[in-house]
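Consider the two complexes below, in which chain A is the common component and chain B and chain C are the respective partners.
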Partner chain A sequence: MKKGNTVFFKNAPRIISFAAICGTKEKEGVIGEFADIALDDDMYGESTYEKAECKMLTNTIALAIDKASLKEKDVDVMLSGDLLNQIISASFAARDYNFPFLGVYSACSTMSESIMLSAMMVNAGYVKRAVAATGSHFASAERQYRYPLELGCTRPPQSQWTVTGAGGCVIAEGKEGIKIVSATMGRVCDYGVTDVNNMGAAMAPAAADTIMQHFKDTGTSPCDYDMILTGDLGALGSRIVKDLTWEKGYDISENHVDCGEIVYNVIENEFQGGSGAGCSAVVLNSYVLSKMRAGLYKRILFAATGALLSTVSSGQGESIPCISHLVELEY
Partner chain B sequence: MKKGNTVFFKNAPRIISFAAICGTKEKEGVIGEFADIALDDDMYGESTYEKAECKMLTNTIALAIDKASLKEKDVDVMLSGDLLNQIISASFAARDYNFPFLGVYSACSTMSESIMLSAMMVNAGYVKRAVAATGSHFASAERQYRYPLELGCTRPPQSQWTVTGAGGCVIAEGKEGIKIVSATMGRVCDYGVTDVNNMGAAMAPAAADTIMQHFKDTGTSPCDYDMILTGDLGALGSRIVKDLTWEKGYDISENHVDCGEIVYNVIENEFQGGSGAGCSAVVLNSYVLSKMRAGLYKRILFAATGALLSTVSSGQGESIPCISHLVELEY
Partner chain C sequence: MTGKSKENYNENYLRYIRTQDPPTQHFKNCAAAFGVGGLICCIGQFIRIMLEYAGLTGDELAGSTSVILIFLGCLLTGLGVYDRIGRYAGAGSIVPITGFANSVTSPAIEFKTEGWIYGMAAKMFTVAGAIVVFGVFSGVLVGLLYYFI
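== the complex of A and B ==
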């Protein structure tokens, strides 16, 4: 059932529904027409950015449950995490529900980690239905990780723009929905990047490591997949991951797509593209899964990527350890 | 395999080894003689508190692996988290190892969440051996959650003392070691407590909820267990959890023990006792599991408790959502 770092799901747990809420800037991009709700105001009627982020996550979970024609009582467990200190968006979202909550954290790779663990639990028969979800908010991320927006700091050209949005899905046993075929657990990779504005360069080695590990464990090659989707490497990071895999004999250039690179149509203030836990969460749970269900993609790899730093670790001179967890989806 | 919120492990994954490192203050208490390493200096030779915390966790993991007569390559996955923003202790500890890493977070309930998920993975055959570990450091927690120590702020009498220490264990299939019989997944409970110095009162309802859910799901009662161990409720929180369960017809007063209440022999500056993710981690992975292996306890419940707040959530006027995950152990 396991080979290398890849776990195979013989009972093929399914994504039976998915939902996404995105912010005003994200609405203009590729996910605008696929998201269930596109906000007109990034405050979402709340008094703080953090509360707005939490509300997006809470409502995304409710939407995903509702779209599966389920009720709260039908869900056995929720797996979620987010970028805020002590994952408060996820914890406070979980407070609104009566089902158990397992908090997870792997920065912007939280979407794939939560799908992976949900699939493991469903496949083993521990639970019938699990919700996996995450999100992020540009303004709450900026003031926690960088500077308060009110300061008006200039952003360097290698930087990315944290996506305002949340995405989630319901994973269940059964014959309907998008199959979760296998999952490759990521290792921490650290190539010594210390520039906190250059997450793409920091995370690319982790994405390359997990994707190549998946090929090795499953005996597949890039051409076996309709799409190899990374989380939020951005334009620069995407080029690096292609280079790193090419060096080892895997050419992913034909079918590699990065959620961060495609989430904004016009790359202007966003420089390298989108980032944040919400980036891959909204792109997967709106655009990508919709296209899969429409038959456009049959078999994809989803490898979200996370930078496991904090302001304290960077302040103490540490480089940026990164990780990428991967799930293989089929429809 | 699941009833209510409890998952039953028919293959009985085992804790085959455990290890703990504790600080100077903790050395004076009940765990002093059971910990593998008791520090002479809480800085552990590092330049910052955070680096000391990470080093404790890294070395605890190495010790647990070594005590099981295993090598790094024999471990399939590590599940860990901690109290620092973005769980940097766990992430940076994972950087030192070549096995996959799944980050988890449920504040001071991280030890039981990581054991639970490890047991799920081993029981289902996804992995052969998993490491579950967590830790905390008094000085890094104080400056992140409260005030820098240098300010010399007065502590109120309802407060607790974050334990400096780390604990971890190796969970594997096989016939040797302490059996993990079942696990009860916790729900988020929030009784509206807003006093961030009174974690015991905030967390007690979550502990009571999970413990009673376990009794209900398994058809057991308090007298079926030699010990019902909570994480870090402290003296006040322990009284509250006894009251809350007694009100619902469960008398746990005979066999309830709280790690926070027993970790310091003399309660002086620590007021209500110990707290922090390291509290239940060191008490379980030194004193309790040693006593179990010596035959003193046959069957115990371990319900670590976590307060899912952050300084931001409290600053924005939110109350404290709490959670408790539980594992049932037998030897």
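== the complex of A and C ==
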């Protein structure tokens, strides 16, 4: 059933297991004790950062399947994507598995998009079990989008720090696990922000738009949810999204949490917090879902946000179109 | 509400986010740049005086001083120290010749994974290329002015 931009899952697909791997810097933060593996070495024993990112993703998927007590043959499809050009981490991770692979890309909101698409497929009965996973690596993202790691340049105070980590979950039909109730498909929002260092300000309108669309479509209000989780808006973007929704009569300031804002413990060079596809993936698949399963949160909205830019588009002076997809989870 | 069609909405939003921006600490940044930049220059001067003692003069002296500073810049980049200095000092560590060395060495290290020729050698000047082009260009301009005056 669909109303507005929101699809409702009447067969209630469930997240039956989840897994996350995080990097060294992330280990010190709130997710350190919830992640399945916290790396001591950002290279993960590989020769390049890209390979390390791919290995994180591969192992996360294996862990998630394993935690659901499933075998590789039980999984019908995998949906995954990442930040690198031609989503190489996801595609390369998929070559280690026998099940089909569907590559998705919506920048940092890849996690919510892949959960949404998996839930749609499971709800429709096309597949029984789907894996949704994504990840990112600070060093590989930095090389692709910004400058070489060792270049001695300053970071502006609006900037964020790409999270090293990967998260994934298995979505299946059944009676156990965290229910995926509905999902709101995001629209691309572009308010003309051109500053690539100010992702929070660029992405906040997309998050606000999708969250408000969800309230409209479902007839709910912010107080119906225990937590409204956004992806990687950072401290600055979080302030803006609260303002934008408040302006339209929805006060989310009480229960809004941003993955990027909470992921790092000590804000030193990260300024506004974490970002990247791995940010929302790691926080959701470790901290948030663990707490949900423990009964701390009953009903949450997960709206990861993505900036759909490339180095070419920003080099040509284009503004940054952003997107946010939302899934509603219940336990 | 979405899209770029409503220009006014965009302008309002951009104006609004400018008020939300965390302020750049100009004084602190300038002081750090001045301190570290000055220190690098003092080290350069110290090397120069030492070389003078060793008996070097003229072009030899200037060249050797630069070479030693470039070497130090490269070394500190390779050791992973220069980016930390740069993060703190900003222009103070970018403007001296050590900063130029850093901007050549850092992509060389970064792209080594893509091979020696197409990776390291080809990408070595991705950052420094702009510096070289405009450096040469302004050199020519000043040279022309000097010739005619």
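Methods note: the second predicted complex is superposed on the first by the 331 of 331 C-alpha atoms of A that agree within 3 Å, B and C clash if a C-alpha of one lies under 4 Å from a C-alpha of the other, contacts with A are read in each partner's own complex, and residues count from 1 in each chain.
Everything below uses one rule, namely that contacts are C-beta pairs under 8 Å (C-beta built on N, C-alpha and C of every residue); 3 or more make two chains touch, one makes a residue touch a chain.
Everything numeric here is computed off the predicted structure, so don't read it as measured data.
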Exercise for review: Examine A:A68 and indicate which partner it touches, taking first as chain B and second as chain C; both and neither are also allowed.
Suggested key: neither
Point to revise | First (chain B), second (chain C), both or neither touched by A:Y126 | key: first
Review point. Is A:A19 touching the first partner chain B, the second partner chain C, both, or neither of them?
Key: neither
Point to revise | Greater residue coverage of chain A in the superposed arrangement, chain B or chain C | key: B
Review point. Which partner does A:A201 contact after superposing on A: first (chain B), second (chain C), both, neither?
Key: second
Check your understanding: Between chain B (first) and chain C (second), which, if any, makes contact with A:V7: first, second, both or neither?
Key -> first
Review point. Once the shared chain is lined up, is A:G152 touching chain B (first), chain C (second), both, or neither of them?
Key: second
Exercise for review: Would you check which partner chain A:C108 touches, where first means chain B only, second means chain C only, and both and neither mean what they say?
Suggested key: neither
Check your understanding: Counting only touches as set out at the top, which of chain B and chain C does A:I262 meet: first, second, both, neither?
Key -> neither
Exercise for review: Would you check which partner chain A:L308 touches, where first means chain B only, second means chain C only, and both and neither mean what they say?
Suggested key: first
Practice item. Determine where on chain A the residues touched by chain B overlap those touched by chain C, and list them. Key: 47-48, 50, 187-188, 190
Revision key, fill the gap. Within their complex, chain B touches chain A through residues 1-2, 5, 7, 47-48, 50-51, 76-77, 81, 83-88, 91-92, 94-95, 97-107, 113, 117, 120-121, 123-127, 144, 185-188, 190, 308-313, 316, 318, 321, 323, 325
Exercise for review: Flag every residue of chain C that touches chain A in the complex, lowest number first.
Suggested key: 1-4, 9-11, 13-14, 16-17, 20-25, 29, 77-78, 80, 82-90, 93-94, 99, 102-103, 105-107, 109-111, 113, 126-127
Check your understanding: chain C touches which residues of chain A in the complex?
Key -> 47-48, 50, 143, 147-158, 187-193, 198, 201, 205, 209, 236, 239-240, 243, 269, 271-272, 319
